[in-house]
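Okay, so chain A shows up in both of these, paired with chain B first and chain C after.
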Partner chain A sequence: MVLLDIKNLTLEIELSGEWVKTLDKINLVIHEGEIHALVGESGSGKSLIVKAIVGALPNKRWRITADRMTWLGQDMLAMSALSRRKLIRNDISVIFQNPIGSLDPILPLGKQLKEVLDIGKIRKSWFWKKKQQKHKMAVDLLHRVGIKNHELCLSSFPHQISNDVLQKFMIAMALASGPKLIIADDPTRGMEVNAKTQILKLLSRVNQVRNTSILFVSHDLLAISSMAHFMTVLYCGQTVETGELKKLRKRAFHPYTQALLDSAPSFRKDLPPKSKLSSLPGTIPTLHHLPIGCRFGPRCPRARKECVTTPAVRKIHNHYYSCHFPLHWEGK
Partner chain B sequence: MSNVFVRYFNLMLITLVILSLFSFFLAYLFPGHPIENLTGVRLADISQLENSEFKYRSGESMLVQYWHYMSALFEGNWGKSFNSGLPLYDEITNVLPASIELSSYALFLSVLVGIPLGFLAAMKHHKFTDYSLLSVSVLGYSIPVFWLALLVILIFSLQLGWFPLSGRISLFYEIPKVTGFIMLDIFLSEIEDKQAAVNNVIRHSILPTLSIALVTTTLIIRITRRSVIETMNTEFIQAAFARGLSTRQVLFRHGIRNALMPIFPLLAMQFTTLLTNAMIVETIFSWPGIGNWLIQAIYHQDYPAIRAGMLAVSALVVIFTMSIDLTIRLMDPKRRRLKRAAI
Partner chain C sequence: MDLINVKDLCFQEKVKNFIKKSDTVFNLGPVNFNLKAGETLAIVGENGSGKSLLAKLLIGLEQPSSGHILLSGHDLSKSSLSQKCHDIRMIFQNSNESLNPGLTLGAILEEPLRLNTSLTSQERNLKIEETLKQVGLMNDHKFFYRHMLSDGQRQRVALARALILNPKIIVADEPFAALDPSVRSQTVNLLMRLQRELGLGFIFISHNLGIVRHISDKVIVMKQGQVVESGKTDVIFNWPNDQYTKKLVDAHQALVNSQDN
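For the complex of A and B:
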């Protein structure tokens, strides 16, 4: 079953008087129970997609348009602010990159966790038991994410707790409303390996046990390849390639995907010792100087004259890519 | 916790000591004999002078003199006024509460009006409400206080006759002085019609309060507006929206507390502006406060009064600011020590 279906999502931002397309025709489909990875360099608009989905953008200087942006068949852009808020409250949870920044600094963690608990479950109990029940639910959630010292955690303030425990707490908060989709926006950023593994294991367990879909936004290819089923590659606000992770790894069609995979040495078994690591020359263009057509054009090793027009999305089975000269067309 | 107390107490003590030193040296810096400036007794009264010389040890070194000055200060012997010949301690305890009363009315009013308006302006950021509030606040901020007070008198008491021109309470009422705060004194006194006296006091205090409160209100609006805008743009407010909370929930559970946190120390800073403005306004409204009294003392070159009045006012400001700072420091959970326990 398709949970989230986004087609041609365009997000424009006003930069010194003119509208710049920071996201250009993004396509993203998330099925129930899958882990979908969203990959791209920093500055490619990964976090913007997340914010556009949950509506956490201040709506003044932004313009969102999409051919289709549906949640279980309901149009998210057409629905009222209230019903959209309810949808996000009940079905979608977000884990942000920076746990300490996304928690209220002067409220104990317990209060913040109890604030997002599933209200439907509490309403059934008598009012004098509510507080007790809320506390029990909060403690349960903390145990589920592997925080043992729950009393200390619930009474602490965000700055008193280490980053990885706080990220676990954020996952507990994300689980509190019993969502169908968890959007994890680079949850392991800046963590040491041990903590990172714990968080990733936790997320995959949530996915397996509760059949929750996860949109995993990251640039950590190693982590993604160990847990994700699908992968969408993003470059400078354009979706470059989407497909099953295994197929993508075996045979990427888009030169950018190939470059991305090559840049991770652990993916290359044929890499001889002491050889140069491959990297793509150049950097991601700034918003003021976006190239026309395929935005990857100026850095692409295979670019030709035709690349100044935006390539259409092509499809081979479940594998979408947008490139005029994909890697498997060696003949042309 | 206790070391915070110690640190703030230390800071306050040192500031007060420096203030007292300064006030002591004022006696030497003012024209005239230091003993005259310290005691307020003219040199002509020889016998008394001998007494005071004995008390202040004017022949000995500066440090010893300062020590005796301080001990006299704590005994309540602040010298006498040249002008009235009354002990300064009694005079100051008479006039200082009136000033504190007026300033606290003004502070209360400006907080009550300024903070909600600041929130309103911030929530309607870059809209008509915001711009109009901001321009009104710039206007209010730019009006000189003394001119506003004169204007207010001209319109509301001379033209319209709504409020009395000057003073603190009508001469009909004779309130015995107990605390110096007129409202408290009315409740403590034995007079017959307390309600009428209270009404009279309120009518007297409206104009001076309004003219002082205007500047502080506009300042508070601007401080609040900036702080709320900053808070609403922070990551955790956006995150709270992303969790599906409504604007009301976000504002009341997370916004207000976080926005008010940085405002309070700035409010404490406003108290000095408030007291300065109160001094000017007191003179215009003949309010029997410390400002009026000090300006009279300056007119009459009443050096002991200037010295004691300056010390009293500055000590009040220092103690008030420090205690507000300490309260905020103790309230702020962000400054609480890390637990450093494994979770």
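For the complex of A and C:
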């Protein structure tokens, strides 16, 4: 079953008098029970997609257009603000990038967690039992994400707790409403390996046990390839390639995907130590200087004259890519 | 001949107490290692294990409570400050915030030269241009401010500032953490090239075990201020002895291998 279906999402912002397309025709489909990874460098618009999905972008500054943006068949863009908020409250949760920055610094964690609990379950009990029941639910949630010392965690403030425990706490908050889709926006940034694997295991367990879909946004390819089923690669606001992770890793069609995969030394066991890593020249362009056509053009090792027009999306067996000269055309 | 030799380096962080004289809150060390020219040492460990503190001790931002740091046979604590600045340079964690936003890159790079050398302004200018070229930037970048550069370029400037006094050792605190994959491999390549050309000793802190395994010759694993294991990268990654190291390496291997099946 298709949960979220986005087609040709375009997001524009006004920069010194002209409208610049920060996202250019993004396609994203998330099925029930799958882990979908969204990969891209910083500035490629990963977090903007997340914000566009949950509706956290102010309408005045941003212009959002899409051919289709539906949640279980309901059109999200045509919805009223209130009903969209309700939908997102019940079905979608977001784990933000930086736990310490996204939690309230002056409220104890327990209070923040109890705020997001499912009210429907509490309302049935007598009023003198409500406080107890809330506490029990909060403790249950913390146990579910593997925080053992729940009393300490609930009574302390965000700055008193280490980063990886806070990240687990954020996941607990995300699970509180029993969502169908969890959007994890770079949840493992700046973590050491042990903490990272714990978070990843936790997320994939949530996916398996409760059949929750996860949209995993990150640029850490190692973390992604250990858990995701599908992968969408973004470059500079354009979807470059989408497909099953295994196939994509075995054979990438787009030169950018290949470059990304090659740049991680852990993926290549045959690589002798201290040898030169393959890398792309240059860096991601800024919004003021976006190249026309294929935005990857100026850095692409295979760029030719045709690349000044935007390539159309092509499809081979559920594997979408947009490139004029994909890698599998080598022989021709 | 060892470039740097650290013997029993210890550090105690004390909090002054009104009733008792002082309380020890953090114990670092003893740390022992040695590094030859052209070698790379990686420091890994969890957050709060004293990795950054060790880096600060090495460059002399903190005074060790006991132990010696010998730099090509000379005790570092006896050498003068300007000599220290010449020999060991540091790249800070966040290259963006460690550059002064109000100064041009030329001024940022000129400062260590003006303070530590007796070059004339013309010579300084030449040196700056030479260093910029070395890290892959252009002469015109002298007139740029920090906000006009991308992440990768900022990292290059931070590296240029470290290189400009021709140090023997560069200490870097998570130099690759904030960088994107493609820019990261650019920086790694640049560092390895400079190391080959100049014979630098390179000490760095990182969470990314893939990169640690790729570029380092020796590894120190730290936990709560103590060195739990140290040795050659190959040995540590293939035959870890300590429980904590095993856990780290296994976690990394699990991530790497899980995509194969």
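We take it that the second predicted complex is superposed on the first by the 325 of 332 C-alpha atoms of A that agree within 3 Å, B and C clash if a C-alpha of one lies under 4 Å from a C-alpha of the other, contacts with A are read in each partner's own complex, and residues count from 1 in each chain.
To be clear about the criterion, a residue touches a chain if its C-beta (ideal position, glycine included) is under 8 Å from a C-beta of that chain, and two chains touch if they have at least 3 such contacts.
Bear in mind the structure is a predicted one, so any value in this text is a computation, not a measurement.
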| item | value |
| --- | --- |
| Touching partner for A:Ser93 - first (chain B), second (chain C), both, neither | first |
| Contacts of A:Ala184 with chain B and chain C, given as first, second, both or neither | neither |
| Partner chain(s) touched by A:Ser225 [first = chain B, second = chain C, both, neither] | second |
| First (chain B), second (chain C), both or neither touched by A:Leu28 | neither |
| Touched partner set for A:Ser278, first chain B, second chain C, both or neither | second |
| Touched partner set for A:Val116, first chain B, second chain C, both or neither | first |
| Partner chain(s) touched by A:Arg249 [first = chain B, second = chain C, both, neither] | second |
| On chain A, the residue positions that both chain B and chain C contact, one per complex | 162 |
| Chain C residues touching chain A - in the complex, by the definition given at the top | 44-48, 150-153, 177, 180-186, 188-189, 192, 207, 209-211, 213-215, 233-234, 247-248, 251-252, 254-256, 258-259 |
| Chain A-touching residues of chain B, taken from the complex the two chains share | 126, 233-236, 238-246, 249, 253-254, 257-258, 261, 332-334, 336, 338-339, 341-343 |
| Contacting residues of chain A [partner chain C, same complex] | 41-42, 162-163, 190-197, 200, 219, 221-223, 225-227, 245-246, 249, 259-260, 263-267, 271, 273-274, 276-281, 283-284, 286 |
| Chain B-facing residues of chain A, complex | 51, 54-56, 58, 60, 85-90, 92-94, 96, 98, 101-108, 115-116, 147-149, 152-153, 156-157, 159-162, 165, 173, 177 |
